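Chain naming follows the written order as A, B, C and D, and within any one chain the residues start at number 1.
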Amino acid sequence: MEHPSIIFKIVCPDRPGLVSKLTSWISDYGGNIKHSDHHTDQDAGLFLSRIEWNSIHTTINRKDIYDKFQTIAVDINGKFNINYSDEIPNVAIFVSKQNHCLIDLLWRVRNGELKMNVPLIISNHPDLESIANDFNSQFVYFDTVNSSKSDVEDQILKLIDQFDIDFVVLAKYMQILSDSFVQKFSSIINIHHSFLPAFKGAQPYHRAWKRGVKLIGATAHYVTKDLDEGPIIEQCTVNVSHRDEVDDLIRKGRDIERVALARAVRLHLNHQVFVYKSKTAVFD
Amino acid sequence: MEHPSIIFKIVCPDRPGLVSKLTSWISDYGGNIKHSDHHTDQDAGLFLSRIEWNSIHTTINRKDIYDKFQTIAVDINGKFNINYSDEIPNVAIFVSKQNHCLIDLLWRVRNGELKMNVPLIISNHPDLESIANDFNSQFVYFDTVNSSKSDVEDQILKLIDQFDIDFVVLAKYMQILSDSFVQKFSSIINIHHSFLPAFKGAQPYHRAWKRGVKLIGATAHYVTKDLDEGPIIEQCTVNVSHRDEVDDLIRKGRDIERVALARAVRLHLNHQVFVYKSKTAVFD
Amino acid sequence: MEHPSIIFKIVCPDRPGLVSKLTSWISDYGGNIKHSDHHTDQDAGLFLSRIEWNSIHTTINRKDIYDKFQTIAVDINGKFNINYSDEIPNVAIFVSKQNHCLIDLLWRVRNGELKMNVPLIISNHPDLESIANDFNSQFVYFDTVNSSKSDVEDQILKLIDQFDIDFVVLAKYMQILSDSFVQKFSSIINIHHSFLPAFKGAQPYHRAWKRGVKLIGATAHYVTKDLDEGPIIEQCTVNVSHRDEVDDLIRKGRDIERVALARAVRLHLNHQVFVYKSKTAVFD
Amino acid sequence: MEHPSIIFKIVCPDRPGLVSKLTSWISDYGGNIKHSDHHTDQDAGLFLSRIEWNSIHTTINRKDIYDKFQTIAVDINGKFNINYSDEIPNVAIFVSKQNHCLIDLLWRVRNGELKMNVPLIISNHPDLESIANDFNSQFVYFDTVNSSKSDVEDQILKLIDQFDIDFVVLAKYMQILSDSFVQKFSSIINIHHSFLPAFKGAQPYHRAWKRGVKLIGATAHYVTKDLDEGPIIEQCTVNVSHRDEVDDLIRKGRDIERVALARAVRLHLNHQVFVYKSKTAVFD
């Protein structure tokens, strides 16, 4: 069995000597670097670094790493996260009526492709409860029509707390989360259709079809208070033609939505995504 | 040498028996169908048909075909075009400073990949004159800053008339044509960048880069009075990442712009594109 | 509810007047053509035609169509199939240990995206029985190690007969079917990995990885006695890099295998695939 | 104007502390790292590192860097290359009759997209001389039919020496270079068509067409003595269908050949490609 690795993610103002400083610290504690990626965004003046290192010969305890590394972080004026490859996060998946993304994610979890637990599935429709049951997840239905948004969100936040949820995936959840919810719980991944050009508002596939688009796309992104405008993690497209009816566009859209969402969740689970300003750097 | 083929394009209200009626007419005159494509847009209630047939054994003269087919067209309440594979249209290419699309088109013409003549290249900048000279095209520069748009367009229309131009390609022509110009000369193909989501207005690549898009695209379309909103002929995308600077996005954008434009021009030359309502059907 | 449509597939030697003859026949019986696609393979001298027409106003009974059309077929020296859009075929899926293609197909069936029944799942391993149970399919395990291939295949043929199976999908079935089996049961669709260049034999992903390929692919094809060399229905590729380990290649390969296989099965179900000589024409 | 950067490429046996050692060396001389990419191939036991750093504040002279870094290289038992972003290499392009890759490369050079000089174009056919003249390159034609391969290659090697050529691009050069030539001149980039499955030998497009492939590809690779089997730099594919004749496959093949070759040359020019064992790692 492979020894767990330690994953550092650091963001700080760019300056000379940063890679050296970070990697020397790891080397001094006996760590062996497995992957290291660094990127300088000259426009933002920021240095981003992801270093995955093997803890097998390290002379430092897991519980001490955070505190000891804090000194470096202060020195470089940086923000950092430390994660371990053997941590299995708890994820809540939010759905409505469409099942394609939910099923895809749950099967990838079952097959060991996505290393996460899904103890909680939340929906504003009762339709997908049997799928949740098949995969031993708790399914909680909220009647969002006859309840206030703030009441529902309060209850959801309690469940998130109760199930110790690390991040949320919106797998075709057709409700808009309030700003206050989004601010309280920062790691939310969403999937939505994308087109060239964009078709905002209702019935986008119908309108894209009427315009005769030759490509349709899907975008997986983090949710911010600007709806569908959060930092992009992954995008995919597929060719369409006049031979495709609206239903074919929707069907093809489902296929790329689940691929884009699964890739985005995997990148997030592997701590390969940096979010800064309004965008991401994805170290794949 | 291959015998030229005759290309019928017909659009009419859908009803039973149309394919039979059209193909029987051709068969009765001894024609052999090489390619036939039909499409019914049920939403629009329209039937679209492209039939390419071999004239080798036909008993009808080219000059009589139009008049004789008129009877059928009236019967089915249809609009039609008749073209011949040995007709080489005259094309005017409009450019500004960027040369990538112009060069790509001219080399494809020289290599026999695009069967068209380019006797005329029009620009609002003098920069690309030497390329026009290399390919024996007349280069005409208009100072659009110190002249009125209507004066320039009037002169352009005279040139288009003088050079017997069949259609226009905007190969990164950074001027907006007036509605009246677009209405006078209907077949104009344009190329522009596309993104998911769209970034309208100035500096789209810079803004797409700031947003961290993972794909950039190019759209070739017919020009209508709704700027950049005309019927789409062809779309392409290419992956980008945070490793790409704005200049890399622009460079990658150039590569897909020229591919999408060359494909669109080829489809138009082969009479494979139907334009109806706000969209196209591309029989490729 | 939509009225069922009738789907003609005809292959015959090319000659003038074929489209007219076929479509006039349909028109004479009051049929309205929804889709018609024709292709002439000049190298093979063959004409291929798929005509989908609406039976709503037709004056001919379903049971008479075959016999009446026979006269046309004899006249044009053609082979033909007649299918109806409301026929739901029975499909047997063969699997081994990998579940990704099986699950993908079964879910698409459940969601109504693939219009077929899957009453029978056959395997040379017992692992996937619970999935078959979840979807109410009969799972039959054959111990191919301790039984002769001909015994097993005889039993499979009996099951195929008993369950009235129309076609077979090999969804990562890691056994080679005998020539005699393949000849007895012609419609078998298989999926396998593909590379540029090809890596024949054992451990292809490992060898592709060692060669540093930048793309991996999947090919869905009909099975003929030339293993993995049958007529191709669909092919997909995905980018890979040196950052991908062998496991990543295998994971990415699974994703495109299931997409390519689902597309191929759908095209087959819609009678959009013509097989002739060693290849296909896919009217999509 | 941007200050030139220094590009280190290092390959050595993997062990802890390498990134730290390398980056500390640069930091100690006042260098600021712009890009650093590291990869460990655990199968090969090798560590690969590309570090691009800014020389603006460095305290070391360009002429001393190599010697000083030698100490580190010996210590880590590594091989290394040092290049500078302001070095413009001399490239010889070899062609036969097809011009699409040659033209594409020369225009990208003229537009500043590929930072290289092309003083020499070698061909076994006289056809493309005028293109060489247009771009002020010396065109040298060798009659390979009536001369011995070794005589021709000796003369080519003299020209390569005379024009101080840094690397060679085979832009559809339809001659096989001898093993001894390949060994004498290691950096040779080639482009060739690729298929799934592979079609080795003569007329691959015709054979791929007969097999009804749905995708065709292009592979850019370094030339080794195993013809068309050298380390892969870049691969592209494009969709094809039964509607495409052999000529269409060839035309589409040309488009992806030039894209794949241009990308590969650009990656090589930027020193982003590591070749080791039979493969590459491409730090893009």
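Details
One rule holds in what follows: a residue touches a chain if its C-beta (ideal position, glycine included) is under 8 Å from a C-beta of that chain, and two chains touch if they have at least 3 such contacts.
This structure is a prediction, so every number in the text was calculated from the model and none was measured.
Between the contact lists of subunit B and subunit D, the overlap consists of A, C.
Note on connectivity: the fewest chain-to-chain touch steps from subunit A to subunit C number 1. Centroid distances from subunit A, each centroid being the mean of CA atoms, peak for B. Inter-chain spacing, taken between the CA centroids of subunit A and subunit D, is 37 Å.
Averaged C-alpha coordinates put the centre of subunit C at 41 Å from the centre of subunit D.
Contact with two or more other chains is made by residues 39, 243, 284 of subunit D.
Residues 99-100, 103, 107, 111, 113, 134, 243, 251, 255, 259, 262, 284 of subunit D are the ones that touch subunit B when the two sit in their complex.
Residues of subunit D that touch subunit A in their complex: 15-21, 23-24, 26-27, 30-40, 57, 239.
On the subunit B side of its complex with subunit A, the touching residues are 39, 41, 43, 194-198, 210-215, 217, 219, 228-229, 231-237, 241-243, 277-282.
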